[in-house]
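Order as written gives the chain letters A, B and C; numbering starts at 1 within each chain.
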């Protein structure tokens, strides 16, 4: 298991993070640290705490105990809005786009570019993901795949350093999967850091250079895909009794 | 000392009637997650029903409840069926504005039909003396009736089959549906009961205060204050919140003028909203 | 290249391009007619004092006041979705600020009206900061409580405000001047709405209405935006109140804090289309006209009809008249409207 010995080198680090919901411990003392410019996968069976971990890191819900550091700064108690502005952004499993606003408007509403550039920046982002043809369609009217792409564009519009992708491949066809992976690789080349969670294990293993495995809220394993794949504890967690 | 007890008891008696009104409001919120802004207007309709049954038929308000409550139940049932059901799954904003529209329509309808003249029901007067304390007879009768009705409603909710169905729907409509509960019918029953209780509260206020088309607004705010105090969706919470509010109002009225007492209530409401919006018994939504 | 492979009817033989273009052309023409109509109305309003009777002037003045109230309500409630049932509070604060400034402070009217604006905007900031933390219904009813509490407060503070008896200002015949002042306020409110709507900040406000939590998570500073919108909304409502006080020369708590003011603002905005620029304008023109026509015949049906109107709009046409026009393609789907 990787110990975060120099937190400031690693762009995102989580230290003994815990969160309870009533009697259930969703995340229990999880610790790990991520290097910049990497694509890390977060996997585990259902109910292992992956979503909760995402919500904790992005500031949507507060932690009961533990710490989160982003670029050396403690962000544990900060609000979601502040964390996003610091450069850490996140997509949602069930896309939370603004339904009665067009694709372009969904991006303009979020962009922090100066007024004059806002619309141009939005159009560029749409271009990047190939959504220009539907720029003026209401988000609610877009197809599932298009919504996923728009969500992806939205998370990038302010040039964040760390991007949390929550099940980006859920219900997505192979062509789209390919596109998303290409985009992720391209962005990684530009120095962006990704933390991705998904149930498509094969895809995640191919995409990520490192996997963190959660089970029942605890860190089970942490390492390269090849190692994880062979780890008996991981296999047990997924298929065990 | 005697005066203090007097004031507190007077407040508790008042609280009984508020509990009746607020109980219905919190029931609707619990089962349907709708804030029924027209609830005060149902009270107003109940008050007019009491007035007309008294004026035309000489029926005393307590007896007239046997007529007006089923009637109000029916009104509530229809209201849910025709209007409220359309916005149960809609964003809160929609249901809020719809209820607002209904309250306006009812107030305006009352103004047009009954005119703005004040009415009252001269039923009961005087005071009951127990030792050194004097209790207003109308308030006493109103409170006792309110308690009986609230108790009956609570019994219904906790002991009967449909009562449990209502509570199940309040907890989770989807799960209730999956368990075979007819949630549409549950909602109509809930709204019917709540409206009947509001109408009953109106009947009781008809011989305590004056009756006029816009009377609903003040009572609505008080009922809202009660459920904020007691916690949204909690029937016992509404009861306790009502008692607390009654005492606050009574004390404030005694210490200052009635008008300032009203302002005190609004300030209490605002303070609660800011400091502890989930009330004393409500659950804080994460 | 869409080729008609099946035996489709003739309309399908047209490729997508011309159909879309003609739809856009209809929309653009519709927009020209729409804005032309509004412009004509504005010119007509500007000319009323020159050609119209006092009765007409008073009527239009009232309509302008309603327009300002509706447009200012729209800024907060239409855009952010934080529905306030206590909008009249700021109108009343403005009215009393002007009244007190003139009567107790001896200020000249123009200055007194500026005081009205400052007072109500400050009140907006003061109340907005705590109130806007409340979710939907709590905020709505909470603001109702605020309006009522302020009304009672004003009634009680007799030495300052004249209490329930009201406050008498120096009666002057300022119908024409106040008319143009109210016109200016109405125009200013609509202009500000236009600027807000077409800039990214307007979209940020709409994002709050669509999904506030998501907006927060996207880094939008929702608190700051809400309070800002609220304060500006209060500002214009207060200015309208100040001008009203000046023109009427008499105000009392029951009138300037009346729930009916809020009702009108809400009904007009919803009728025209909430969250749009000209929705409140269209709504106030239409409703003022209708109620004037109905007033003589059915004085008591005002409230009832407003209620029925709101019910109908909520159930069948949440986007108001603007939505009808856009759905039929007569108006483009543009935020400029």
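The rule is short, and it goes like this: a residue touches a chain if its C-beta (ideal position, glycine included) is under 8 Å from a C-beta of that chain, and two chains touch if they have at least 3 such contacts.
Nothing here was measured: the structure is a model prediction, and the numbers come from that model.
Student: What is the shape of the graph in which nodes denote protein chains and edges denote touching chain pairs (line, ring, star, complete, other)?
Tutor: line
Student: Taking CA centroids for every chain, report which one is farthest away from chain A.
Tutor: The chain farthest from chain A, judged by C-alpha centres, is B.
Student: Tell me the chain pair with the top count of C-beta pairs in contact.
Tutor: B-C
Student: Centroid of chain A to centroid of chain C, CA atoms only: how many Å?
Tutor: Here chain A and chain C have centroids separated by 41 Å.
Student: How far is the middle of chain A from the middle of chain B, if each middle is the mean of its Cα atoms, in Å?
Tutor: 48
Student: In angstrom, rounded to a whole number, how far apart do the mean CA points of chain B and chain C lie?
Tutor: 32
Student: Could you pull out which chain A residues touch chain C in their complex?
Tutor: My answer: residues 58-60, 79-81, 84-85, 89-90, 92, 96-102, 105, 108-112, 115, 118, 136, 154, 158.
Student: Show which residues of chain C lie in contact with chain B when the two form their complex.
Tutor: Per the touch definition, chain C meets chain B at residues 81, 83, 85, 130, 133-138, 140-142, 144-146, 148-149, 152-153, 155-156, 259, 263, 266, 270, 298, 300-311, 314-315, 318.
Student: For the complex, give me every residue of chain B touching chain C.
Tutor: 35, 37, 83, 86-87, 91-94, 96-98, 100-109, 111-112, 115, 217, 221, 224-225, 228, 257, 259-260, 262-263, 266-267, 269-270, 273-274, 277
Student: In the complex formed with chain A, which residues of chain C make contact?
Tutor: 199-200, 203-204, 206-207, 210-211, 213-222, 333, 335
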